[in-house]
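Two complexes follow with chain A in common, the first pairing it with chain B and the second with chain C.
And then the complex of A and B:
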């Protein structure tokens, strides 16, 4: 709140981000469009992998790959829909009419994706451990959570940028995954490499820290790029 | 005049390419291990470096577009990516031939340079579909610029990250390429580098001239018919210049 009520001031970015995030999550809670679909998709994907690979339990490398490919493809489902309401029901117009900083919308979308991904992993990771994983997760869970957080951040940053790039094109359902998957390959490479030792029943290898550092840097760099370029996607 | 200096540039490029080819085939020594096959290196490596530099240059041109909103920068960026994509296909093909000859496989996953290059090609392959999917020319240019900058930044970062991956900590098979080439090979390599860069620039300039002439022709036809229909004829992934006549 401004001290002088007559003074017109742009709202603080943090409060704008909070408002946008609340709106987005409320929308999700009322419609249940995205997260349940991702739950179902990931569990179905695990079943598909079971039959496709014809194994009951996966070795460490394979397990980490299966988990991350599933999460990545599940994320594709929401990246395409992330800006749907804004584009079709006037959300962009309303936001552009407000004095808020445009970066706030990007930040809110990144946080929304992070929330969605966390919600999905809450179901998908236990389901994965139950269905396909040999050793119990137990001890490695904290490390796994760390890797998941870094990987989710990468997916969220690139998803929020690419979603905005693809939403107002004529082939958005195709362009979203086509644009974001190559950009996410380095993320995939780092998280899959970092997760594999966690799924090793012998707990032989340590997590390659340099992969996590590289991933964090990748997240940061693309976060900055997305923040710098997002304004140009919202001009009309 | 748009095509100014194009003729002399073309002649220089043709001479440089001819000289390089002559040097590659008649002057450079045969590799002791790979023999004649190693000569593909003088095409493949410069082609790859020029392609990647072209992608990064397109990103810089896109920055210039977003700063100036001059549609000619969009055109330059578009032509640069288009040309680099074509060069990139050449890189993948020559790389495959080389891999087959040197390692016995058409594709080698544990060679990070090869894998990074494939990723970059996969990303840039979506550039034209993205443009084609946006009808409004101004928005098309703006979104394409955002893509070109993001992808241009992705090029070096991707190379760094793929090299970190655990599967790739093999001894670098190609590590002696840039470092310690014997004298004559090094001279020929730099010669090939120069002529490949010239070739890229010449083709880029040719394409820019062609686009410019096409736009001028369209404008003249419109003047002849005396209608003010300014709309482009059909939807296209390529940008079209609307303000013709200014020197570039």
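And then the complex of A and C:
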């Protein structure tokens, strides 16, 4: 005997997150509204730094700052738009009417932002290395990928939380960066400090471990705060 | 048993009162028609019943659960067909319904079944932005019914639909569905035919509450004056 197709089971959070993430990525693939803008911004910024500073090799600290500030500002372009389709096309209401766990939406948005950032870094990091680094990344690349992953997680968690807050306001274009930039200062301090040794041949790529631990803790604490607050941001 | 029970339910937007002390009881399986001029609070009432807005005063119970304390218990038992289809324009009908099926924990076979019932199976794989508003409304009907809700909240459900499409969706959301329904309508004559109880709202207040047989044209005309 086949099961009744109308029978409703409690939706599994993993299944809901997967469905929301698939929908978000499909929307991006069909509209190309976010990632190409981030690509263009980051590559243009590196070109401007290359010609503006008139050097082919930056000092390690400066290179680290240039990379992360550019990535952070590129992320700002999409944080404000992260919930736009949901707000304008009723996706929020559709989600709120369902019995799905509210945290599933937050998790799906964090994963969406992580996917966007990874896609941007696929283009931006080689462009950065080409335009502003001598010698190229080479053997420090795996360590850089690790720092990028932790930094991206911080940006994604804070971006997903602030995006949900900003989308409900009239001044979302202003509020998104105004709220997220101060919250991202600790992330920037940690990732810039952890990345700088990777660009310095004299320091042989030794990453200060305490900065990575601090960054991981900050990501974890903010993840918990975001999870606790998200319900209140969504509900009336 | 009452499917909906409202006692003095009030909802404000800032200084403006959108719903003012609305009181009514709707038994299970019956249909409430909500009438009134633009801005009377009809859509606000639907959103309060759908748990999307919290009442600022009064007591409200839907399907035996007090709201907003037990919002979680009624979500998934309500189908809201509102002004907005709550569907992504860049996704196809099937993709949108698949997302909502996952949100509600419904088997995916239900999607094909519903698309066939609204005669949309042939265009189910086209992005919604390429469909007419009438076809999008049919997809929205599928979205509303996907999880077989006990209570239907319908805001102008036949908007943008031609007579043939109205006939198609009639067994799904009409009286034949045998579900408890709240219908917001700007067509008093049509709404009266469907209703067991009529609520007339004016500036957020219940200006009339009666069965269709108790109403006369004068009272209805007064509501819109």
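Keep this in mind: the second predicted complex is superposed on the first by the 222 of 236 C-alpha atoms of A that agree within 3 Å, B and C clash if a C-alpha of one lies under 4 Å from a C-alpha of the other, contacts with A are read in each partner's own complex, and residues count from 1 in each chain.
Methods note: a contact is a pair of C-beta atoms (placed from the backbone, for glycine too) under 8 Å apart; a residue touches a chain by one contact, two chains touch by 3 or more.
All values reported here derive from a predicted model rather than from experimental measurement.
Colleague: Would you sort A:236 into first (chain B), second (chain C), both or neither based on which partner it touches?
Modeller: After superposing on A, A:236 lies in contact with both chain B and chain C.
Colleague: Could you tell me if A:218 is touching chain B, chain C, both of them or neither one (first, second, both, neither)?
Modeller: Touch status of A:218: first partner only.
Colleague: Just checking: does A:208 make contact with chain B only, chain C only, both, or neither of them? Give me first, second, both or neither.
Modeller: Only chain B is touched by A:208; chain C is not.
Colleague: I'd like to know which partner A:168 touches here: chain B for first, chain C for second, both or neither.
Modeller: In the superposition, A:168 touches chain B alone.
Colleague: In the superposed arrangement, does A:56 touch chain B (first), chain C (second), both or neither?
Modeller: After superposition on chain A, A:56 lies in contact with neither partner.
Colleague: Do chain B and chain C touch any of the same residues on chain A, and if so, which?
Modeller: Chain A residues touching both partners: 235-236.
Colleague: In the complex, go through chain A and note every residue touching chain C.
Modeller: 3, 5-12, 15-16, 18-20, 22-23, 26-27, 30-31, 85, 89-91, 93-100, 235-236
Colleague: Which bits of chain A are touching chain B when the two form their complex?
Modeller: These residues of chain A touch chain B: 161, 165-166, 168-172, 174-175, 178-179, 181-183, 185-186, 189-190, 193, 208, 210-211, 214, 218, 221-222, 225-226, 229, 232-233, 235-236.
Colleague: Could you pull out which chain C residues touch chain A in their complex?
Modeller: Contacts found on chain C: 50-54, 72, 75-76, 78, 80, 82, 84-91, 95, 98-100, 102-107, 109-110, 113, 127, 143, 147-148.
Colleague: Enumerate the contact residues on chain B facing chain A in the complex.
Modeller: 66, 119-120, 122-123, 126, 129-130, 133-136, 138-139, 142-143, 145-147, 149-150, 153-154, 157-158, 160-162, 164-166
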